[in-house]
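Single-structure report; data block below.
Just so it is clear, A, B, C and D label the chains in written order, and each chain counts residues from 1 on its own.
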Amino acid sequence: MPHAALTQTSYGKSRIRLVRVTRHGDPSTSSGSSRATSRGDRHELRDFTVAIAFEGSYDTSYTEGDNRDVLPTDTMKNTVYALAAREGVGEPEGFGLLLGRHFIERNPKLTRVNVDLIDHLWGGITVGDREHGRAFVRRGPDTRTARVVTDRDGAAITAGIAGLVIMKTAHSAFEGYPRDEFTTLPETNDRLFATSMTATWTYTDGEIEFASTFRTVRQTLLEAFAEHDSLSVQHTLYAMGQSVLDSIDVVQSISLEMPNRHHLPIDLTRLGLENRNEVFVATDEPHGLIKATLSR
Amino acid sequence: MPHAALTQTSYGKSRIRLVRVTRHGDPSTSSGSSRATSRGDRHELRDFTVAIAFEGSYDTSYTEGDNRDVLPTDTMKNTVYALAAREGVGEPEGFGLLLGRHFIERNPKLTRVNVDLIDHLWGGITVGDREHGRAFVRRGPDTRTARVVTDRDGAAITAGIAGLVIMKTAHSAFEGYPRDEFTTLPETNDRLFATSMTATWTYTDGEIEFASTFRTVRQTLLEAFAEHDSLSVQHTLYAMGQSVLDSIDVVQSISLEMPNRHHLPIDLTRLGLENRNEVFVATDEPHGLIKATLSR
Amino acid sequence: MPHAALTQTSYGKSRIRLVRVTRHGDPSTSSGSSRATSRGDRHELRDFTVAIAFEGSYDTSYTEGDNRDVLPTDTMKNTVYALAAREGVGEPEGFGLLLGRHFIERNPKLTRVNVDLIDHLWGGITVGDREHGRAFVRRGPDTRTARVVTDRDGAAITAGIAGLVIMKTAHSAFEGYPRDEFTTLPETNDRLFATSMTATWTYTDGEIEFASTFRTVRQTLLEAFAEHDSLSVQHTLYAMGQSVLDSIDVVQSISLEMPNRHHLPIDLTRLGLENRNEVFVATDEPHGLIKATLSR
Amino acid sequence: MPHAALTQTSYGKSRIRLVRVTRHGDPSTSSGSSRATSRGDRHELRDFTVAIAFEGSYDTSYTEGDNRDVLPTDTMKNTVYALAAREGVGEPEGFGLLLGRHFIERNPKLTRVNVDLIDHLWGGITVGDREHGRAFVRRGPDTRTARVVTDRDGAAITAGIAGLVIMKTAHSAFEGYPRDEFTTLPETNDRLFATSMTATWTYTDGEIEFASTFRTVRQTLLEAFAEHDSLSVQHTLYAMGQSVLDSIDVVQSISLEMPNRHHLPIDLTRLGLENRNEVFVATDEPHGLIKATLSR
């Protein structure tokens, strides 16, 4: 029986959970009882979920069970923790680059390594009017993301934001669409528009300030969403992407995914009441799903 | 064959999703194109998930299929939307009271009605330095909750907060516990302490400002968590509850649930490195689970 | 400031994942290459999620951070694995009894220990017409459950089944209910009836065959559901519980929870078609929720 | 400001829940009371989740908000229900073809339509030794899937199975892999091997019996998994795919995804016990993730 051809393979480790604490400040002035030994007054917290996927010349591991070149996925996981300890983590893009370079340099059969990172966001807890420094509260539901793809020629970075739940309660219409015998949707010039947005973007060449650019992209998307006079989800999605490309030079292209989380006005006439576009049922099944990529 | 005794029954409707928009401001000054018809400059958004459960003299509906007194759960759902339209929703506690009274007054066989509300929190999107007014972003992951139990004698209110994810990176120890032949946990005076806290509290009699009290309880819990010199999860849970009872007179009792989301230090010695209490794996399975109720 | 009173406390470990393999048969006849060292031809697989909760005289651990009597939840977890290795696991009820006795005997401040077990069900993979013996496929989505509550006087066992998803496509009606100004539900004598049932039951005194009784209860519930001429969810829930009490002497009481996963007929008239009660949208939000306990 | 280029777009409706009942048999012999009006003795149940995505010349809907060619996603949903009523649903592949053809014929700007279907599997409830015919129990956790991509030239079908949870307790090794300073994994020739497998496959040209082929592929995958003397997840994944290509002529290529749900042996030596490869902790975070496509 002839062997089947392997036309695509990938292997790696997913959902590696990494929390890295960095302690800043003069340990001698650290507040607290003698019991507490944590150094420093001001702690920095990074909380990542990392996935690593190897692509390369690994066919005999599939066909023959030859593991000679198969770096164990357990070692991939250990490497994440080792590099986090030795080098620190910083921004997700930088940590992804560090991991990608490490793996590509040491694994001769490796052609391409994908590192996907989710950056779970925390804010400092404030006590009175100052930040406590060593206590945190999770911000969400949205997360920051990064994907770094490294091969023998270099690395490509995609930054992103996932699960940003937003709603506008005015200036959203959907009219003028084609009708057929299965159309029942009423036209509207005043609907709720809610979505859980995912965006990913690439950068032009050169030095990028990853953290501040992320914040600027996020705020630009929020403002464009708020201000847009929407004729459809597609229309607003485009305006949001366009706004990022217009105002942030280092962004080369941006992809947006916007599920339309329909908020349906309740028909209150059967209950003897009027719905002045004020009472809605929120649904997530089914949902529209709109996607596009915009490039310079 | 004798009938089995019904020793407990309950029926109702769960996961009723309600979004209520209230439009404030002078419509004539509303910004935006002529297309948009939404009135007002400043919109208010409430986003609730409601569950209603009836307890009462409904045994024959079980034993005989006699539906004469069984208000359909579909009607319960409609009532939520109808009262939201007619009366507005306001705070979750107030809307729960409204619903409870409505049902208890109209259903003679009803002994007790439980209304559970989840208040999904949204913040206004800011454009430049002002709030846009008609666009919102979901804040989370924590939610505000309320439970209103209404019977023929009145109503009991429980307010709460669910899924508040918090972490402290200093002043957390666990030492001095008993050891047996199955003990392997090392004692520590400097561990990470992370939890997804759920709290519920009851009120003393009298007028309560639900919204401002909720904010005060939340902030008090955060500050007590940050400032506590923790000897265990139990110890900090108690300090947090005590802090609420100490500083907020209208709270009668408070229940706290704190899963211990273990953050385990990675053993880097086998990797030829030192872990200076900086690199951790975040886990949620298994987790400790600590609960207590504190009363005045 | 006076201390708050602790009116209820509990602490323990949740979501302890345990897989126990037992290898039966003559190792010398074990098939397979010399590489494989697993003994025996026929393996037995148990896959449990265990939660342990302690209640007792632990107030000073909350109020003072005094850990002298606080068996670490990490030790609870280790104990699960140690007893599974030393004693085997068998049925979930038996393993829960073993754990409960172990903890109550060794912890003087412990008043009551709750052990909750989820038994994830696997079936053997068949090759040709025989069971392979050492390969398994998960059966679900339903799971078997057990709760064992042990105190100084003995133990109480509750067995159960969770997440049994069932549907009947005939003999389900809902009519004759009260109507008010918010009623819009049409009466029907031919609807779909779907639920994800959870049942728990207690036993009369005496020796119980846990495994075979579980199978008999499950089959009795399925048959009663299929055969019932349903006038409401309540009506069928009762018939199912009654059927268990009628036919299985060792069951003392049974509690059933049945969310009504509404399957709504699509209104096809607006699409120029007729729906002869054949096309439905399945929903799970909102859902009815019906509960009852039946006792001898 | 120049418009950004749209380099990729897609829009559609996801998570359309469809349940279709077909009633067979002579209504006059239907059992049950006069109340029940459902026709036929033997009902057939199909339970699909459908997603539809349009790709085509829709750029002005993004750039200008021009909806003239934008078939509403609500109409897509209605079309699913209308065709299900008018034509029946049958196998998921056939229903996907029907939907694809419908949309491509009626929408001039549409270049390609993707229809993804999840077939939720139900079995008949048996009463005594016969199938009841009108009552069902969900089988899982695995589901059957299909993807149909239709363009102006025809349609391409991909069938699949998702979430098949399987475990082998013998004949699984992982040895001979490269080691570096971050390697801590011990070599083993006797580990547990568990996964939640997803497979998708394409067909050669010609008439395919979709339902029976699905069952044959599923059983072939299960048997190959059980019988394989595994040197790694990669090795077994390949053997499973190869076995399908070897024995089922109509399959052209097959893609497999196998997360390695690690079952880690508990170190019992610190508890004074021996683990004879019998006691494991089941984990799903982190997990290995192995993928490959095999083609003739």
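Everything that follows uses one rule, which is that contacts are C-beta pairs under 8 Å (C-beta built on N, C-alpha and C of every residue); 3 or more make two chains touch, one makes a residue touch a chain.
Fair warning: this is a prediction, and the values are worked out from it, not measured in the lab.
For the pair subunit C and subunit D, chains touching both partners: A, B. When every chain is reduced to the mean of its CA atoms, the largest separation from subunit B belongs to D.
Centroid to centroid, with C-alpha atoms defining each point, subunit A and subunit C lie 36 Å apart.
Subunit B and subunit C have Cα centroids lying 26 Å from one another.
Within subunit B, contacts with two or more other chains are made by residues 17, 78, 82, 182, 184, 271, 283, 285. Contact residues on subunit D toward subunit B in their complex (touch as defined above): 181-182, 184, 270-272, 283, 285.
Residues 1, 3-17, 51, 53, 58, 61-75, 77-79, 82, 106, 174-178, 180, 182-185, 230-235, 237-238, 241-242, 245-246, 253, 255, 259-260, 284-296 of subunit C are the ones that touch subunit B when the two sit in their complex.
Contacts from subunit D toward subunit C in the complex involve residues 17-23, 30, 32-33, 35-38, 43, 45, 47, 78, 81-82, 84-86, 122, 125, 127, 132, 134-138, 140-141, 164-171, 173, 189-190, 192, 222-223, 225-227, 229, 263, 266, 268, 271, 273-275, 277-283.
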